[in-house]
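Across the two complexes that follow, chain A remains constant while its partner is chain B and subsequently chain C.
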Partner chain A sequence: MINNFVQCRIFFNSKFFFYHLLILLLFQNFGFAQSTNLFSPNNRFKFGNYLFQERDYLRAIDEYKSYLSTNKNDTLNFKIGFAYSRMGNYSESERYFKKLIGKSIFIDESKFELLKINYLRENFSDLRSKSFPSNKFRTETLKLQHYSYLSDEIELPDSNLLFSIYNDDELIFVRDFYNRKLNPEYKSKTFAAILSAFIPGAGKIYAGETGDGITALILTGLFSFLAYDNFQADHKIRAWIFTGLSAFFYAGNIYGSAAAAQIYNAGIKLNLENEIQVFINQKKYFTPRYDFID
Partner chain B sequence: MILSTHLFAQVDWEKWEAADISYELKSIDKKNYEFDTGSLSGLLMSSMKNIYYFTISDLDGDNCPFHPSCSNFYVSAVKQTNIFKGTLMFADRFTRDSNLFKSRNHYKFYSHGKFHDPVEIYTLKENVINHIPQKSVVDD
Partner chain C sequence: MTSLIKNNKHIALIFFSMAVLFFAELKISAQDILLSQKNYADSLFDESKYFDAITEYKRLLFFDETNQFEFDANFKIGMSYKLGAKYSNSIKYLRLAQRAAEANEETFKSKIEIVKVNILRKTFSAGKLLLNQIEKDERFTDRTDEINYWRGWLRMLSDDWEGASESFAAIDSLHPLKTLSDNVVDEKYSVTFAKVISYILPGSGQFYSGKYLSGLMSLGWNIFAGYLTVNSFLEDRVFDGIIIGNLLWLRFYNGNIQNAEKFALEKNINISNKALRYLKNNYEGKKP
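And then the complex of A and B:
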């Protein structure tokens, strides 16, 4: 019994045992190794779908293209075009959508996506020139086309035409944007300059720069008083220096009031453009819900 | 235990040693000391600018809250427009600089703390104003 125990210990302590154990551990992996091909077209298709859902469009496109090298699938062609569009690569996106027009079940979807690309590229006149009366996304197309008037620099059409297509929730925003674009609350540069010519700083206050306006009034008033006071005291040199300084701030303020009004107007315009863009981003460019994408 | 505390004890000379800290405000605006010999007005402007740099700005330090600083603003304004319009733009800038109520709630600012106030937006030219929302940080 003791001998057996001792022999066992010798066996387990021997190098022979450890080498055998090591080899056994190494090769047993092969016994359970996965026999399926991870890079088969079907697996790449599934992985591509996962990446697409994760919005990892760049890698999803790679997987889809690999699948399409051996298979045909219009859904994937559409998804590649859609992914390129989301990535901002509009020329590639257009190429894929144009391939689908005429010979796939995604004709209407592709036409709409091409219109959307026109919007994203700010080709608003091209966008509005297209007409698809039989398209199943006619309403969405019209919404996008009408909305493009708000983003464009051209004259706005009649409000009845513009508002007719939107639902109540959308109309609140569209009407607000329309009115603000039609009658922007701009400040007049000339009026701001004239105001400052009469009362230094008033033009700045009119243009929304109250602090600068008060400062201009104080500086101009102070130097004018010092000039007047020195003329009264017959200190000609000092008087003329203060006169020059007063004129310097007075003239600068008239110019600055016009500039401030222009900056104010640019702020109004850019804020509106930003709000228009934010709204259509939230609306996803009135894109219909594609079951095969969501 | 008792002796080990002596090893980490703070001694006077460490505690009271003068800290080697520089309080110098490093200038963000790069000063160009060259004379512009291309034209008479350029030579006049660059001479005035250098006199200002040597006699006031270099000694006083970087105190202008705006970027570009008022002196650089003036030089750029004259270069982009003309001496008359540039001077008016500078007078307006000087008024903004004198405004005690200006704050980050009103101006855009850089990460180094200076207010964003570029020359271009005051030239009265159309479509050059790239308005940035207030209280935002501008890229350096």
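And then the complex of A and C:
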């Protein structure tokens, strides 16, 4: 016991203790300086994360780049690539993801993000040509690759191939899009024109423009009657004027019916494309959840 | 033994004093750092570097653990977004400032700024609703003039010049913006009157709006089509009369009324735009 006291006394009285205390305070001050310098790399890192969570990507990128000028951090490089992608700056995004391939733990994540960029850039054939050796995001990759057929202009593959990868909830939509793309409810331009040639306005009604169809029928009928009536009354000039008008309306209606069918088809195509885009937006391009980003 | 305890006491005292000094320094320095960060952000704002100012205010907010700058920073972020024409973001941060406001003045200031942003982004109904709320708020009964001033602006920009005149008259019957609003009201053409006189005499609505050639053309076509129609009936060609009357005369008659309306509206838009240009370029009072 006495020995312990003596040892303590020696320790407290020694120069060692005071040097120790001095060093401790110096380090404390150093730590304090680090924590109070808002522009220190660590604080920029923390602030960058906050901005990233707030989806203020442009500012987050600035903070991360500043941190990376003095430190190495693959997570931040990935987040910068991700932020650029979300901002639509795909070339910069690609640059960051490509840097990560081959020398970081985010190889699979970066490869998936590069595939996603292909989808966003509508480079569908490139997207599908990429093989994905790792099993880590195999399902997500296949989902994205298969889904790209629906957005592409090429012939659809066999439905068994396309449907096999999706879960039940997704399949409801994918099957619907597939069927609508394979057998779109288009109206035939030729049929619309032929219908209008037989009964003026019928082609328009067939193309969904009922009001225009009825108007065309009444006007063509009216002018034809006027032409006939004036020929009967021997008013030849007026008769020919009305004949010209009825011929003009008749021909115009045939052309208009074909055009109406074309507009109808464009509407069907546009609606489907919008729905396909809305669905994949909602599914976030089948992006897996990255824990290091949340 | 006694000496050891005595020494320990001294050491403990030194250690305690240093710790107190250290933590006091820490607290004061943290305050100073946040204050200097605010000053830095303010200087960027004053230099119109709004993107950078927003970053630095956000940094201030992030590191301000005691939320002492919550109102100032959010308000300035809102103002920076407003000046950068990012109105939705501006309203988001001004609302945060409003929530963080402690004094009535701060609440009023942020609410009025939200009204001004609503004026700028032409969401007039939201601005009007908020002005009504401010007016009913008992804390701001002495700010009626300011409320009326911004209500006047809201009405001017929503093309309700009579309403604007009323709002400015409530501040001062000789208010320059009341005079301006009254002038606009006086200069404007009555769309209803233009249409009514066109019903009675085709082309007169266009004459009223100063479109004389159009008025003459309209009158001429209506006389011609009317003559053809009447002549057909007089010659017992009833069917021709109905067809010409419907397809020709009625078309010109309707066109004349629509034209009268269109020209009056166009003239009114020009008058409003002229007044708005004056407000933008020459008016020296407060603007949204």
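In the analysis below, the second predicted complex is superposed on the first by the 257 of 294 C-alpha atoms of A that agree within 3 Å, B and C clash if a C-alpha of one lies under 4 Å from a C-alpha of the other, contacts with A are read in each partner's own complex, and residues count from 1 in each chain.
As a working rule, contacts are C-beta pairs under 8 Å (C-beta built on N, C-alpha and C of every residue); 3 or more make two chains touch, one makes a residue touch a chain.
What you are looking at is a predicted structure, and each value in this text was computed from that prediction instead of being measured.
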item	value
First, second, both or neither for A:Leu161, with chain B first and chain C second	neither
First, second, both or neither for A:Leu182, with chain B first and chain C second	neither
Touching partner for A:Leu38 - first (chain B), second (chain C), both, neither	second
Touched partner set for A:Arg59, first chain B, second chain C, both or neither	second
Touched partner set for A:Ile172, first chain B, second chain C, both or neither	neither
Which of chain B and chain C A:Phe47 touches, first, second, both or neither	second
Chain C - residues contacting chain A, complex	1, 3-4, 7-8, 11, 15, 18, 22, 25-26, 29-30, 33, 37, 54-55, 58-59, 62-63, 239, 243
Residues of chain B defined as touching chain A within the complex	85, 87-92, 94-96, 98-102, 106, 121-122, 124, 129-131, 133
Touching residues on chain A, where the partner in the complex is chain C	5, 8-9, 12-13, 17, 21, 25, 28-29, 32, 36-38, 43, 46-47, 50-51, 56, 59, 62, 222, 226, 229
Residue numbers on chain A that touch chain B, as the complex places them	189, 210-212, 214-216, 219, 248-249, 251-253, 255-256, 258-259, 262-263, 266-267, 270-271
